[in-house]
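Below you'll find the structure I mean.
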Amino acid sequence: MNIRILKDRTASGVMFFLTVISLLLVFVMGIGLYLKSAPVFEEHTLKELLFSANWKPMKGQFGFLPFIMGTIWVTGIAVAMALPIALLTAVFLTEYAKSYVRKYVFPALDILAALPSVIYGVWGTLLIVPWISNKLAPHFVDFSTGYTVLAGGIVLGIMILPLLVSLFIEIFSSVPAEFREASLSLGATKWQTTKFVIIRKTMPGILAAVVLAISRALGETIAVLMVCGNLPEVPRSLLDSCYPIPALIANNYGEMLSLPLYEAALMFAALILFVVVLFFNVISRVVLYRLEKTFN
Amino acid sequence: MKFFEEKIFRFLMIVATLVVFGFVISIIWTIASRGWGAMSWDMITKLPGGGFYIGKEGGFLNAIVGSLYIVGASTILGLLISIPVVFYLNVYLKKKSKFAYIARLAYDILFGIPSIVYGAFGFTIMIYLGLRTSLAGGIIVITLLIIPIFIRSMDEIAREFPRDILDTTYSLGATRYESMRVVLRQIAPGIATATLLSVGRAIGDAAAVMFTAGYTDSIPTSLSQPAATLPLAVFFQLSSPVKEVQDRAYAAALVLTLIVLILSIAGRFITNRFSKNKLQ
Amino acid sequence: MKNFLSALQTPSELRIEKSGEKIPGRKIKLFRPDYKFIRPEGDSEIAVEKLNIYIKDQHILKDINVRIPDKKITCIIGPSGCGKSTLLKTFNRLIDNVEGVRIEGKVLVNGEDIISSGTDITSFRRKMGLISQRPCPLPMSIYDNIAYGCRIHGIRNRRKLNLIVEHYLCAAGLWEEVKDRLHTPAVRLSIGQQQRLCLARSLAVEPQFILADEATSALDPLSSKTIEELFVKLKQDYSIILVTHTLRQALRIADYVVFMYLGEIIEAGEAEQVFNHPRHELTKNYLSGAFS
Amino acid sequence: GSKANKKGGLQGEITLSGAFALYPLVVKWAEEFKKLNPNVRIDISAGGAGKGMTDALAKVVDLGMVSREVYPPELEKGAIGFAVAKDAVIPTINENNPVIKDLLQTGLTQEAAKKLWITDEYTNWEQLTGKPGETPVHVYTRSDACGAAETWALWMEKKQEDLNGTAVFGDPGVAMAIQKDILGIGLNNISYAYDEKTRKPNPGILVLPLDVNANGKIDPEELFYDTKDQLIQAIAEDRYPSPPARDLYLVSNGIPTKPEVIAFLKFILTEGQKYNVPAGYIGLSSEKLEKGLAQLKQ
Amino acid sequence: MKNFLSALQTPSELRIEKSGEKIPGRKIKLFRPDYKFIRPEGDSEIAVEKLNIYIKDQHILKDINVRIPDKKITCIIGPSGCGKSTLLKTFNRLIDNVEGVRIEGKVLVNGEDIISSGTDITSFRRKMGLISQRPCPLPMSIYDNIAYGCRIHGIRNRRKLNLIVEHYLCAAGLWEEVKDRLHTPAVRLSIGQQQRLCLARSLAVEPQFILADEATSALDPLSSKTIEELFVKLKQDYSIILVTHTLRQALRIADYVVFMYLGEIIEAGEAEQVFNHPRHELTKNYLSGAFS
């Protein structure tokens, strides 16, 4: 056999191996989390764990509802805030902006992407929390400390912005210039070209990027826990405190991992998150599949 | 009407871009204004002295070096693992391959797992094997953490890769392995973006390294010694009661930001040179 | 040098022919009687004065001076790489989007300088219907490709759109081939079909000028002929600028010919004059080489 | 044991890991210890109390740094805690609190604290002072699992998870919240309530005195919050109750056997104590020190 | 019907001409004397038996049976969308990459069935040098575009590569235009230049067959002629299959002609026979329509 073919086969084998290995990580994680959280299962029913709001781990009461709701709220706000901003920014940078503008904005985005969560958290506590407490909340409620769902959502939104913008920019700029020329020649404005051609062409990519960003948001930890109030109660409004799952794990794991039952409960929280992410991804894929059918 | 729409959206876009820029400036200003005072040569050239944590002499060179070690090693490892995977998914497998479908799903899930869980996982395994916190542990866990980021963000970009180019290389008798070079050239900016995203996550993550790399005042001389990292330095010093130490946390954050800035500019510069041949 | 007049066919001759129907089973349906091309208003003349274009300090177009007459078919001919596409792109300002371009000089469309003036570029581009050299179907269905331009210009009525789509697909000789799969993605068409689709798409927005960059390069002779007939028909109302490599095509339908060479315009004039009595040595050589 | 007596003759390696709260102090001790025993390597790595405990129990490290009580399940697994320093949690309020005068006279009883943090019975400041009026009270607690909140809860015979109120991240976070909210009441480690230099409470913050004997007013002997030194004195002399004062531990799995580890612990329990106060901690009372040394000898 | 024989020029006639040098200042440098085309070994014959191709249940190629002779120029003609490109893509198995394709039947290359057999597809594809209809420069410099194929086939010697690049660019008539900017990105070429680049790139890997899908569609007559001459020269050693819409080109250089219509092969035979005495009515009509 030819040496080049051999190379190709070898490469194929190695790549396949790497892919499988990296895939295995998911299964190892999933099974590991399940095994680690087994002690909680043994003592409680799933229904109790998921739908009870009673969180007294030292007394053996584990109700995860507040955390699940907290996660959903914060993630929802973050995505609702970041998505339009990211889309508009990416469109501006790829379709409208001169190249020197890009030169300045790209490093800014990189910084945004690379700052440690702690910094976002600090920034949130120094700026966002007081703003909500002093400026925003008084319009709606008597008093709010500012450590709220909203603060968590805003900070988290800003954290996923760079991911979204970077991916969108890459995806948009992979659209051949010919498409733009074709549309512009017909007398379409730039925005129309973007709306009907570019976004349409890249729709699957955009959706996939959003899914990634949501996954990322679901798992983001430190920054959120510093600003969201961490109250294990189901939030009822944007100005309530909440307690997302990653914050729960991060807050307690370092201190409590030497207590088996507590650790199991935290691992169960991670398992919930795992399942939520899985569930969400599967759903989004079904939607994506439908969309792709209609778009292409 | 359409011009009205055009104007509105143009306006919104500029606002959005300014908002993003505003966030960056606001965050950097917050850090810089508090960290600049504590910034000095000592900070980045000295190890912490005995009284460093009550505001006395020393610097956080240990954290800088530790972070660079971990980020450097895990980025290289991550690239080595994820580029082949991305290539496999996009070139070797058919576009509608079931395996690729499942793989992408799996990476998305990994993407959503909080870093603390990676840390916990790594820690559990290390305890099981009787290993201490170490540089190696940190590198491995951070590598695992950023692999999904690498793979999925590169993959999203590679999927938009024009198929004509692949067909062309095949026509020339290239094996799939050999067309890798061409694919690489075309998606080079995408790799840069993915790398910067991953480096950002790697350099900024405190939770995963807390359990696996630990935090210590000395610079590790081997893979089996614990290592400090900048985000942990920030995290830890922020909680100090002493104002000087808190300010040093901001100084550490400032250093981190500068490192990122340098990496980003260098990365963009290199890929710009790489991608001048890119198809438009 | 041979006499080219013998090969020259006047457009009127062509108009009578119905070559498309000579092959049984491949009847090309012509225009729908109930939908007419809309006559653009006013003059449509392009005058280029001292146009110089540089891309990244390369001098691509050199001191171009030319007048494109109203309601005529103007063919631009010249060797590959001489700057024909660049010139067309300048006419509808798509050249602006090229990285590192520098434009000097004037392009007067109906007396207005489109380079310097703050013309509203969008509606201007619509007026200059450019059909680009490499066919590029938009990422949507065949139907939507045609309807796209109409929709962005405000036509939403479904019945009207149906009419337009059918009309222009017929005009481009594509209707029969695609009428059963109007709602499948346009990228699945063969290259020649794509080219005709792009032509139909450009016509559907009813431009004032038609700038066709080798609009028949991927077409077989019969389809080409359909397009040629279409152009001849359209020139009653539109000014048409055609870049073509098929000199016989130019010979058949051009009223006015521009010969470019290495970024310069060597000769421009009435088709008959240029083909039969070329003034410039280069033109002479080019034509004789090409027809030999 | 015998080798330990010869100065500088000691060799080996001591590894520690655990709570960030103890890290600066242990680093200081290690530095001083190494001056006496230059051939001993000390590896300290921070990462959280639970991690220190787990590492110690898994014998991955010699000593775990733990900034909370050692829980029964951990004791069962063989954890032995050596108290090495002391710290205290105090209730803090804003100095511009509208009823500040009354408050400073009545103080905070254990009962009242329960009604604030546990049962939510108290929603007005006046319920504390017994005066007429309805000034709402904003109760703060810590959001991160931590020794401070745990100890505070322990004072009320509860766990941290039982504390109600707005949870804020970190000690500085609570201090900042109190500085900003004139109706707030929170809990802080003493280092965060007092300024290191002036030894007075931080600007904007006052310490709410504890009414230890629950007689409804602050007696002169219960008043020792003016300066940090006064308070430290009171804590060291157990005039301030414990909890909310608390011990900080170094934990090992079983009694340490490595001579260098024993020597290090001995050093901490003797000479080492003088570094506590400069580093922001409180020295242990001599009985506790004796007890620790006795534990070592077993 | 006219007599096409008069228009038919034998390749030998062409070979003597040096049309490229007739325009002063545009000398096209022909092959470098010190570098020869390499003669592929053995026979090279393609036989297609009962080939049917379906894409997403659409029947694209219907019961194709044809023999492509060795060391001849075979032209495939037919209206746009009739399946010419699909057939060429089947020959080098690029069709495999199309979504939802189903292939039935046999394609024998040198007696070996390439559809079913486990032939090593890579070196096989190299043997079938496909020049695709839409020119697609690789994202690298002009030089690297040509050198790419050689590099992957093991030629690393810098001097040798330089020679090859120059040789093939000359052969495709592009050398003069690009020799000063060999290291600029290939995407910046004009479409015609890109087309010639792609041709040169395909030749540079020295295939055994040349499958050219409208290799001159974007070229002016002179550049086309250079390419035609090249093909005529190459057919001594290679089997060449050419899809073309320019019937005159087919007339000039084809030895063998295949006429396709709606996915079927209507007629295939010696060029002279097909052009002058077409057996099938459809062919007759097509040719007469095309040449009118």
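Labels for the chains are A, B, C, D and E, by order of writing; each one numbers its residues from 1.
Criterion: a contact is a pair of C-beta atoms (placed from the backbone, for glycine too) under 8 Å apart; a residue touches a chain by one contact, two chains touch by 3 or more.
In UniProt terms, the chains line up like this: A = Phosphate transport system permease protein; B = Phosphate ABC transporter, permease PstA; C, E = Phosphate ABC transporter, ATP-binding protein.
Since the structure is predicted, the reported quantities are computational estimates derived from the model, not experimental observations.
Engineer: From chain A, count the fewest steps through touching chains until chain C is reached.
Structural biologist: Contact-graph shortest path, chain A to chain C, evaluates to 1.
Engineer: Busiest chain-chain interface by contact pairs, anyone?
Structural biologist: A-B
Engineer: How far is the middle of chain D from the middle of chain E, if each middle is the mean of its Cα atoms, in Å?
Structural biologist: Measuring from centre to centre gives 84 Å for this pair.
Engineer: With chain centres taken as the means of their Cα atoms, state the distance from chain A to chain E in Å.
Structural biologist: 51
Engineer: Between chain B and chain D, what is the gap in Å from one C-alpha centre to the other?
Structural biologist: Result: the chain centres lie 36 Å from each other.
Engineer: Among the residues of chain B, which ones contact at least 2 other chains?
Structural biologist: Those would be 2-3, 6, 123, 162, 175, 178, 210-211, 238, 279-280.
Engineer: In chain E, what residues contact two or more other chains?
Structural biologist: Correct list: 122-123, 134, 152.
Engineer: Which residues belonging to chain A are in contact with no fewer than two other chains?
Structural biologist: In chain A, residues 4-5, 8, 176-177, 189, 192, 253-254, 257 touch at least two other chains, as defined above.
Engineer: Under the definition above, what is the set of chain B residues touching chain E in their complex?
Structural biologist: Where chain B meets chain E, its residues are 95-96, 162-175, 178, 182, 185-186, 275-280.
Engineer: Name, in rising order, each residue of chain B that touches chain A in their complex.
Structural biologist: 2-3, 5-6, 9-10, 12-17, 19-21, 23-24, 26-28, 30-31, 81-82, 84-85, 87-89, 92, 101-103, 105-117, 119-121, 123-124, 144, 147-148, 151-153, 156-157, 159-162, 175-178, 180, 189-190, 193, 196-197, 199-201, 203-207, 210-211, 230-231, 234-235, 238, 253, 256-257, 260-261, 263-265, 267-268, 279-280
Engineer: Write out the stretch or stretches of chain A touching chain B in their complex.
Structural biologist: Chain A residues touching chain B: 4-5, 7-8, 11-12, 14-16, 18-19, 22-23, 25-26, 29, 32-33, 36, 84-86, 88-89, 91-93, 96-97, 105-120, 122-123, 126-127, 158, 161-163, 165-167, 169-171, 173-177, 189-192, 202, 204-205, 208-209, 211-212, 214-216, 218-222, 245-246, 249-250, 253-254, 257, 266-267, 270, 273-274, 277-278, 280-282, 285.
Engineer: Which of the residues in chain B end up touching chain D in this complex?
Structural biologist: 48, 50-55, 123, 126-127, 130-133, 210-211, 214-217, 225-226, 232, 236, 238-243, 246
Engineer: Once bound in the complex, which stretches of chain E touch chain A?
Structural biologist: The contact residues of chain E facing chain A are 120, 122-123, 152, 154.
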